[in-house]
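In what follows, structures are represented as structure tokens.
Across the two complexes that follow, subunit A remains constant while its partner is subunit B and subsequently subunit C.
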Partner chain A sequence: MMPMLESVIGTVLSSFIIVIISTFMALLLDFLFPSFSRWTRTFLFFIVLTVVLYPAYEHLQMIRSITQTVATMFISVYPLLTASILASGGSFSMLNFQPAMLLFANGAVILSDKILIPMLSAALLFDIVSRFHPAIPFTRMSDLLRGSLIGLVSALVAAYSIFITAGGTISWALTGVTSEPIKKLISQNIPLVGSFMTDSLGAIGRYSSGASVFIGAWLIVTIWSVALLPTLKTLLTGFLYRWTAALIEPFANEDITGILDDIGKTLFVLCAVSFLVAFAFIYTALFTVILVKLITVVK
Partner chain B sequence: MLQFLTGVLFITILSSTLLLLLPAEKEEEFLPLVKMAMGIWIIHSITRIFGHSLF
Partner chain C sequence: MALLGILMVTLFQLVVIYLLLLIVSFASKSLQPIIYAAIFFFFLSYVGMTIIIPFGKTFLNLFEPLPGSYAKLLIGSVFLYYFSEMIVKHVAEAGYDSIAEVATLAIKIAILTLWLPQLSMLIETLSKFIIK
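Coming up: the complex of A and B.
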């Protein structure tokens, strides 16, 4: 956990320190040459954009490549899974296998590659345009894009959880009085996507605890941490953007803090998208492991 | 979609550069022109989605 934290903060922190220092330099320049202030603002805006956009763009690329990997995994594993289910019959009926789930997962992965990430980049661009040129605002457009993305992603996860819980035999050990305060804390403290995250965590948990009888708790923990690592990284970077915005607000221009805040918001939505992909990954990984286990047990 | 975004970005950068070069008192006259350009571009892009063309 700690090396991951250090690597995330180490790569992003240097760019934020550049932002803080250049904002302060712009403040000094404004004080020394008041007539030059419009140019100073433009230059500062471009410096901040070049420095700050790179980590966000890197995260977009990371989620896109992960999505592609998961999609390839689905397409290669799906025929094998269906064939083995047909062949083994009885043993799989215990696990409540639903082929529609695989279809959903595959659809979600393709959707996030073809629609969600381009829409997110467009929202980012609209934010930048409306901050750079306040006379032509596109704020409603970017809010609309982000809002519809959140709606789409949460509808997909709701569909997943309906499919998973429809079977009835699967139940999550953590649902109950103990986990409720933690869920409440997450849903209130992570802006935009908090409640969505706790809901989908519940759905994944319900499924994987049913499967843990077959494949063991440690493997489940491993699959979970591998799948959720990109999401955590994106979440942490989004928070770093908002922290920097909060830190420089007293002495910086409204545009600079606004753009940092907007990029942070977009990264939170990206976090929700990566959550969806992680969900698909956990599902496939669990099924593959169960399949291999059953094949070896039968032999 | 990409063409629309490129157009929006182009109009923004061009108009903000011109705004920087123009004197402050001319700004009031120039802003409506920028808004008109953006409006024409947006209407053009929307009509193109439905298979029509403004020009």
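Coming up: the complex of A and C.
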């Protein structure tokens, strides 16, 4: 956990420090040459854009490559899994597994690869254009894109959780009185995607606690952390964008803090998308592990 | 009470200077710029000595508890900028705008040079976070 934190904070924080220093530089230049301030603002905008866009773009790329990997995994594993379900017969009745669910997860991953991530890049582009040229604003467009993305993703996850609960698996061990305040805290403090995250976490949790009877708890923890690591990274980066915007607000131009805020918002949505992928990954991984265990036990 | 006396005297001087300048503009049009400049500098130095600089000192004492030399730097640079602005304005009024512009830039750079140690400290602290 710590090396991950350090690497994220290291790469992202240094670019934000560069933003802060260049803002100071622009401030001094404005003091010395007030008549040049319009151009100073433009050049500062360019500097900030080149420095700040890189981590966001890197995250988009990362989530995209993960999505593609998961999609290939699905395509290769799906026929195998269905075949072995058919072969093993009755032993799956106690697992309340629906093959349709797997297809569903596969579809979601392909959807996020083909539609969600390009839409997100378009939203980012619209934000930049409307900040750079306020006369032609596309803010509503990018908000619409982000809003519909969030709607799509949360609908998908809701469908997942309906599938899982319809199976009647054992409820999540954490959904007791103790976890309610934590869930409340998460859903209130992470902007845009907070409540969605707690809901879907509960859904995954419900499934994996049912599965933990068959596979060890440590394996579930491993699968969880592997799947959720990119999501956590993206979430942390999004928060760093918003923190920087809050930090430089007193002495920076409004459009620079605005662009940082916008990129942060987009990253939160990206975090939701990667959550969807992680969800699908966890489901498939758990299922594969259970299948392997069952086959070995039956033999 | 003393401050009120100084203020009254300054006001009276202002009226006298105004009348004097009016008379000069009647008596000799060609001598007026140089007399105006001389009276301006006299008046500026008088007001500076009796009001502005003493007030600056009390202002400094007021913000003594601030750490470091920030209060001194800030108040000093403000007064420096104000005096330079006064003189630059006077030069510009005489019709030498471009000279005034250059002088303003020079004063601004001088003020920035005063702040340079603090600024470099700040940038050094910030750049420690940059991982190359």
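In this text, the second predicted complex is superposed on the first by the 297 of 299 C-alpha atoms of A that agree within 3 Å, B and C clash if a C-alpha of one lies under 4 Å from a C-alpha of the other, contacts with A are read in each partner's own complex, and residues count from 1 in each chain.
Basically, a residue touches a chain if its C-beta (ideal position, glycine included) is under 8 Å from a C-beta of that chain, and two chains touch if they have at least 3 such contacts.
This one's a predicted model, so the numbers in the text were calculated from it and none came from an experiment.
Aligning the shared subunit A places subunit B and subunit C next to each other free of steric conflict.
Applying the stated contact rule after C-alpha superposition, one finds that A:Trp218 touches neither subunit B nor subunit C.
Of the two partner chains placed by superposition, only subunit C is touched by A:Phe31; subunit B is not. Within the superposed three-chain model, A:Ile20 lies in touch with subunit C and out of touch with subunit B [touch as defined at top]. Taking the C-alpha centre of subunit A as the vertex, the lines to the centres of subunit B and subunit C open to an angle of 60 degrees, rounded to the nearest 10.
When both complexes are overlaid on chain A, the residue A:Gly10 reaches subunit C alone and has no touch with subunit B. Put simply, subunit B and subunit C get as close as 21 Å, counting only Cα atoms, in the superposed view. Once the two complexes are overlaid on chain A, none of the subunit A residues touched by subunit B in the first is touched by subunit C in the second.
If you check the complex, the residues on subunit A that touch subunit C are 10-11, 13-14, 17-18, 20-21, 24, 28, 31-33.
Residues 38-39, 42, 118, 122, 125-126, 129, 132-133, 135-136, 138 of subunit A are the ones touching subunit B in the complex. Only residues 1, 5, 8-9, 11-12, 15-16, 20, 31, 34-35, 38 of subunit B touch subunit A when the two sit together in their complex. Chain contact summary for the complex, subunit C toward subunit A: residues 105, 108-109, 112, 119, 122-123, 126-127, 129-132.
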